[in-house]
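All chains are identified by letter, namely A, B, C, D, E, F, G and H, in their written order; residue positions are counted from 1 within each chain.
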Amino acid sequence: MRREAVLELLRQLEANKTTPEKVADRLASLPFEDLGFAKLDHHRSLRSGMPEVVFAAGKTPEQVAAIFVKLAASGVSVLATRASQEHFTAVQETVPTAQHHELARCITLAQNAPPVQGRVTVICAGTSDLPVAEEAAVTAEIFGAEVTRITDVGVAGLQRLLAQLDKLRVADVIVCCAGMEGALPSVVGGLVEAPVIAVPTSVGYGAAFEGVAALLGMLNACSPNITVVNIDNGFGAGYVATLIARGPRSSR
Amino acid sequence: MRREAVLELLRQLEANKTTPEKVADRLASLPFEDLGFAKLDHHRSLRSGMPEVVFAAGKTPEQVAAIFVKLAASGVSVLATRASQEHFTAVQETVPTAQHHELARCITLAQNAPPVQGRVTVICAGTSDLPVAEEAAVTAEIFGAEVTRITDVGVAGLQRLLAQLDKLRVADVIVCCAGMEGALPSVVGGLVEAPVIAVPTSVGYGAAFEGVAALLGMLNACSPNITVVNIDNGFGAGYVATLIARGPRSSR
Amino acid sequence: MRREAVLELLRQLEANKTTPEKVADRLASLPFEDLGFAKLDHHRSLRSGMPEVVFAAGKTPEQVAAIFVKLAASGVSVLATRASQEHFTAVQETVPTAQHHELARCITLAQNAPPVQGRVTVICAGTSDLPVAEEAAVTAEIFGAEVTRITDVGVAGLQRLLAQLDKLRVADVIVCCAGMEGALPSVVGGLVEAPVIAVPTSVGYGAAFEGVAALLGMLNACSPNITVVNIDNGFGAGYVATLIARGPRSSR
Amino acid sequence: MRREAVLELLRQLEANKTTPEKVADRLASLPFEDLGFAKLDHHRSLRSGMPEVVFAAGKTPEQVAAIFVKLAASGVSVLATRASQEHFTAVQETVPTAQHHELARCITLAQNAPPVQGRVTVICAGTSDLPVAEEAAVTAEIFGAEVTRITDVGVAGLQRLLAQLDKLRVADVIVCCAGMEGALPSVVGGLVEAPVIAVPTSVGYGAAFEGVAALLGMLNACSPNITVVNIDNGFGAGYVATLIARGPRSSR
Amino acid sequence: MRREAVLELLRQLEANKTTPEKVADRLASLPFEDLGFAKLDHHRSLRSGMPEVVFAAGKTPEQVAAIFVKLAASGVSVLATRASQEHFTAVQETVPTAQHHELARCITLAQNAPPVQGRVTVICAGTSDLPVAEEAAVTAEIFGAEVTRITDVGVAGLQRLLAQLDKLRVADVIVCCAGMEGALPSVVGGLVEAPVIAVPTSVGYGAAFEGVAALLGMLNACSPNITVVNIDNGFGAGYVATLIARGPRSSR
Amino acid sequence: MRREAVLELLRQLEANKTTPEKVADRLASLPFEDLGFAKLDHHRSLRSGMPEVVFAAGKTPEQVAAIFVKLAASGVSVLATRASQEHFTAVQETVPTAQHHELARCITLAQNAPPVQGRVTVICAGTSDLPVAEEAAVTAEIFGAEVTRITDVGVAGLQRLLAQLDKLRVADVIVCCAGMEGALPSVVGGLVEAPVIAVPTSVGYGAAFEGVAALLGMLNACSPNITVVNIDNGFGAGYVATLIARGPRSSR
Amino acid sequence: MRREAVLELLRQLEANKTTPEKVADRLASLPFEDLGFAKLDHHRSLRSGMPEVVFAAGKTPEQVAAIFVKLAASGVSVLATRASQEHFTAVQETVPTAQHHELARCITLAQNAPPVQGRVTVICAGTSDLPVAEEAAVTAEIFGAEVTRITDVGVAGLQRLLAQLDKLRVADVIVCCAGMEGALPSVVGGLVEAPVIAVPTSVGYGAAFEGVAALLGMLNACSPNITVVNIDNGFGAGYVATLIARGPRSSR
Amino acid sequence: MRREAVLELLRQLEANKTTPEKVADRLASLPFEDLGFAKLDHHRSLRSGMPEVVFAAGKTPEQVAAIFVKLAASGVSVLATRASQEHFTAVQETVPTAQHHELARCITLAQNAPPVQGRVTVICAGTSDLPVAEEAAVTAEIFGAEVTRITDVGVAGLQRLLAQLDKLRVADVIVCCAGMEGALPSVVGGLVEAPVIAVPTSVGYGAAFEGVAALLGMLNACSPNITVVNIDNGFGAGYVATLIARGPRSSR
């Protein structure tokens, strides 16, 4: 469409119905996006087939349901995060194939899913960290990764963690969720070669300060293969994990 | 050696000089590492050919020089971070092929380098962020990535940043260093599809609080492809960038 | 009245019914405000025609309604901020011409409005920032500015922001609201020449710390045309924007 | 030049040496800045005649001197902030007309100055706040404002402050610097109608926390005509003050 | 009772039924309080006639009522702080002469009141600070001071404050409550010679951080006659104000 | 079972059905836990007879009841912390011998209790600290210590504290709970020779910051016999107190 | 002088050389201070005979010496705080009667001292707190109080503190300096009836955070007779102590 | 002496030279310490033979040397912490048998040492933590414990830690020093049954915040056998470790 507008302009020049100067002026005065938008958004087309993400918290059940209806029609997969039971009830009425991931507080609709690419292992320290870990896992799955879950392996019970070593070592990337002192990524990072994405959770009491202790712990982790996302940001960790697991663009 | 000890034990069993029960007992009583160490360290062998890293700060020039001499002999590449001019002078006397990266505060010795794998783009907001950005770049190079540098492209001068769009978009992973408000990763993250590793720097005044403002900014960045490392941690960012750029283990 | 008291005193002196010394003593012993009040409040008269502002939170609906009744009678415009539906219901019953700005949580009553002076553009990063942005916009309108609104233009989607460049560049002053990392003012400040008033919002999760991350980001913004107000302080931003847009006193 | 490149392309189309499709492709593949740069930087031309600003801290005396030589030749005014005596000595040798503002830690070179526009009053609470206040004042002067200075008027000695009321009330904009509890802007903001730019300084002891107490005080100031800049950011305050004092674009 | 026990012991010695050594041993082994308690609590008797204080929050209405019944019988005055309407209803049923100070959240019972001694002026910046200010005022009254109240005199409206100068200057001690930036004590402290007790209140938004901004402001106040109590601690301020207003022990 | 698997392997070697090399390979490839688990968990057997601990908060009454049923059957003692009345009602229905410690928010089931070992004194500053102190006391009791409780002995009433000196001095270890300024451990630590475990509680107002003031006070306590646990962590303090009171392993 | 100007004006009116209206206009247009200044500064005259205070830090030795010379001539006492040996050397050369209080970092010049009024006891916890305590003591002495010093009485050695009980109990006001956990005021406040001014010092390690732990401890002290000043603010504490010790204005 | 005074008083009663009432009055009026001091300090005698501790930082070499001379004569052992080379040189000149522990920054003089009691293992994460760990170890040794040192066993290299399991498991108490994320105590606490005293060190960069990250990590450690001391407080940890290792008072 935009290209059409530019072509039309150029065809008039070709037909000598205008002058190069006038066309140059016209080009310069076009709304920015008419030229730049395409370029700026060029990479968006690369993401074709990628799911659309809806942040449900703060939206009414009806609003979320309406978004699902629209996207269901467009054939794209959908991930709604921070979704309540009410959100799901509303979505389910209109898009019955949508799935509820209660623990993860997510709703997904998988359509025309891309081929599974890369292995993401999601590990968490305690059962209280599960909602965040599940958000990461559900995100990674809908974005096309093969996900392995390891739960309840705190650093104070090393044997349980070490028993999962094989699952950890085959992963292309590990998402590691922990609250309280947030020490799990340090230990896991030392056991594997793959990148580890650490997710501090707001789990803990007193001097845990709603995830601050875990966040600081992870930022100071002594293994060099660790990076960190925001407190409780399971979605972000799951998303970037699939980017890494899919492999570098230059080798695709 | 360790395997030899176990084999010797098993050979005695094969020769019926002992019993299965005694061997089982002996195995169980072996110091942990005699069996487990190899397993635990299994993944270290995968890193064969990887450079050794020396944290020079807090070590005397003589100590750093001695480490270089030893590692030079072993044929492995070496990266010394937070190295002063004094450190380099001492290293150079004994290992003349070592290189000084003054701005990055690094000394490197490249030997039997692995083939270059993956493209890392290191971008920084201001000239004051350069030491951290260069530490990331030198790290990524010695660990085998092809590194592109983009400097001095703050968010307050978008045209300079947008002019570098092509360099950004061919990267497999981007290391993005910024101090002050740390907004660059948010903007860069929205322009590319690749993972972005954000490095807050301690650059800034007053309410920058030695990198805290940038750190918080990056943790709250609205692009989902961003993860964060510790303040001024160029090495960590460069290291994990090469891990990502090298590609997932499952596709190697 | 006060002037009358002083004149009376002076007339007695003129009539030689008292002495200069007694008058001087009397003047010195007058309550401060009898002389100083007028002077101190001199500038208040300059604001004639300016709306009165009512902070509704913490006041009962009846109290707010009573204030509106009184001010409606006095012919001055009124702006109530942080007003609930209950506040509006009570106000509407007695002052039917009052208007409710639900999203902005404001009630306004426009009377004898001054001529529109100056252009204020209010821009916000996400839909969650809208209440704060609307409070700023409604404030600027009732105080006499022509207001343009730009919504949902985060720094992670530059093309949407750049598409609004013209609206930004005609503004006399820009109010820029953002939560999370608060990077929008940095980018906007670099795109325009006008002063930018940054409003951190308490929008965000985890390490957003109820607006602290955005506040620090804005205080450290690298564009020099940015100043900052308190977290969620849409009213303050809108008010000072009209002061700036109205133009300097010396050129009026 | 850029326009020339585009015109050349269009002239080839006019001469039918190419097709509209090829030209459209070529336009789309031009480096971003070739089209967008001009647009993005359009407002920069508005700033013609504005001084260039050099942040001297972290640059060698030679580097700063070299910048002055270059800019002196170009006919533009120059402001160097956070400049030491060493910086000035080096600058003076090559650009003898440069001026040193020792207290403000600034070096200026005034050339082809724009006409003075608008009145800025810079006020500070104590003598320890003077370096920051002077940086603001020198900045405002070189950017073309008429500057009035009021010093040493703390809130604990109201009479000294009130004695300056006339100077305060004629200002188009006030820059108000204070450390410790940072209460001065609150009081000044209540005395004038003009916008007040508050600059917290790092002056103070103990719980002043290097300017944090003053910063928080100013962000919470109860007068609505106050906005705040970063701790010790005299330059930023002086710069935005001139923007405001110059008057709104729409009325120029 | 305790004295009796000691006397009994000494009488046995007087009657030669024991030895000095045994009595000395026995004295040394007496529970500490048998001798020391009286001494340690000596100063408590000085407070005879002083009201008893009950912290009602966290106690049931029945518990508070029971305490009032008991103390009413003993003839001592009572002050209950942080008391709800429910607390008062229960107290009133059994001690009808008790008084409710709703705004102050206090219940008092005045009995055998000491003569009024000293003048305490309680001043607060805004109506939201009133509950804390009233708690201070009610406390000072029940503890025997003559209390003057000044309300709603913020630093942004100096004329209202200055109009109260006479009331301020006759006070023996001033309790000054303020939230937000907490600047009122700085200004008041500069206007009077008497000691000023500053009470930060948790009133404010955003960067007021529940009273932290006001607390820091007050600790850094530039008048030397200011001391500070905990956030919202109206009781503590009122109590210590009466101690000061009553005059030094050495001059009684 | 695991030992059996290893023995089976060794028996095949003994029977010359395999080679030492193959067995060594097989051993190396066994899941970690097959050999290491026993070793790692060796110390767990030392704890035989120790109670199992259930963190009830976040679990449903049914879940907690189910755990009690299972553990009751196994003959081990149970301690549930942070348990509500609802939790207890559910537990009581199925395990009638379970006990509710309402103030401590604990449920206990004592079975085959170990002999009482060591004396733990739990002391707290105010009645608001009681829930935390009781959690510590109940924990210490179920883990086998003789517990003495001292309540309501703040540092502002030394005589009450000193009257308890004998109870303090016979303790093997003291658990000392305090909110507000957290000064009690400093004073107690100076009065006794035994180790003192300080528990900051979240009791307090304003600048108590939910236990932060007490935590900092305790970390900086000037007596060298003090260590600290997390805010409100009565369980942890009670648990480690029993470890200390039981006496060193080397002397058992 | 100012009065003269007003009298002159009134005399002209008396002589009928002007009109009441003109005089009223003239009075209204006089600089604020011409009338108000006297009133505002009225209380300053009450302080006649009070020492002048010089904050030496940040002033050159010559500047401080010059101030002493000037004040010595005027017959007023002088207190210089935060003064170095260099400051004293310079002062001594020109004002030989000045005294150096090295530990307190003060220089004093006593002239026409007012009669000693009131008893101030300055107590500190450790020898590291001595400079702050001495600053308070020297301040209180030069401002006319009788000062008693108690040093090195930490809360971890109660017997040393209790041995000083008599000295504490005769004081009209106590200044209590402590670093680390800052518990001393809580204990002292419980032992005396007089007001206690708590001074947190920056003494301590690690989590003492330069006096923050002590500050928080003191703000949360459980004795109600405690108020707090800024960290290390010995001068402020000493000054307000003399105000209190001098007794209430209403009883003078 | 004090006992003598009391005895003298009682002997006069025995001789009927006074009355029981007079003696009781006299006892009550004795300075507190005359009776209480002995009682309060009773437990100090239990510590007979314990070393005296000198905090050298802030004392001159001569002062420290003088203290050593005096204590050397008294036959008690001495521990000086935070001692420099200069301190040692001065001490050595007068007390040649004193020993320097350079890394630990300690000087010790062992005299009449008590028998070794209990096993303390001091473990640290990195070589930068060694000074703190050594301070703990030297303290524990001089106070009579058998000390085992384990160094350089971070959580990112589990195999090195697990190889030391036997040394960890024979300890009566473990002192565990770590900087950065402070995760080592969590892991160690899960591997042993003994109490673990965690010492956060100020080692680390950026968001380590001088030991705050490690401190928070340790306070939130998930193993219940962990308590924490102040940042870098090796002495405190070593001291309390010996108290625990010596065994409970009740079993001695």
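As a convention for this text, a contact is a pair of C-beta atoms (placed from the backbone, for glycine too) under 8 Å apart; a residue touches a chain by one contact, two chains touch by 3 or more.
This one's a predicted model, so the numbers in the text were calculated from it and none came from an experiment.
Asks: How short can a path of touching chains from subunit B to subunit E be, counted in steps?
Replies: 2
Asks: Which chains does subunit B share as contact partners with subunit H?
Replies: Touching subunit B and subunit H alike, sorted by label: A, F.
Asks: Which of the two pairs, F-G or E-F, is linked by more C-beta contacts?
Replies: More C-beta contacts join the chains of F-G.
Asks: What is the distance, in whole Å, between the centres of subunit C and subunit G, each centre taken as the mean of its C-alpha atoms?
Replies: 40
Asks: For subunit D, jot down the residues that touch at least 2 other chains.
Replies: Residue numbers touching two or more other chains: 32, 36, 39-40, 158, 162, 165, 191, 205-208, 212, 215, 219-220, 230-231.
Asks: Can you work out from the touch definition every pair of chains that touches here?
Replies: So the chains that touch one another pair up as A-B, A-C, A-D, A-F, A-H, B-C, B-D, B-F, B-H, C-D, C-E, C-G, D-E, D-G, E-F, E-G, E-H, F-G, F-H, G-H.
Asks: Going by the contact rule set out above, which residues of subunit D touch subunit C in the complex?
Replies: 39-40, 42-43, 46-47, 53, 118-119, 162, 165, 169-173, 191-195, 197, 215, 219-220, 224-231, 235-237, 239-240, 243-251
Asks: Once bound in the complex, which stretches of subunit A touch subunit C?
Replies: So the residues of subunit A touching subunit C come out as 31-33, 36-37, 40-41, 58, 200, 202, 210-212, 215, 230-233.
Asks: Which of the residues in subunit A come into contact with subunit D in the complex?
Replies: By the definition above, subunit A touches subunit D via 3, 6-7, 10-11, 13-14, 16, 19-21, 23-24, 27-28, 32, 35-36, 38-39.
Asks: For a test of understanding, state which residues of subunit F touch subunit E in their complex under the given definition.
Replies: 128, 158-159, 162-163, 165-166, 205-208
Asks: Going by the contact rule set out above, which residues of subunit H touch subunit A in the complex?
Replies: 125-126, 154-158, 162, 180-183, 186-187, 189-191, 204-209, 212-214, 216-223
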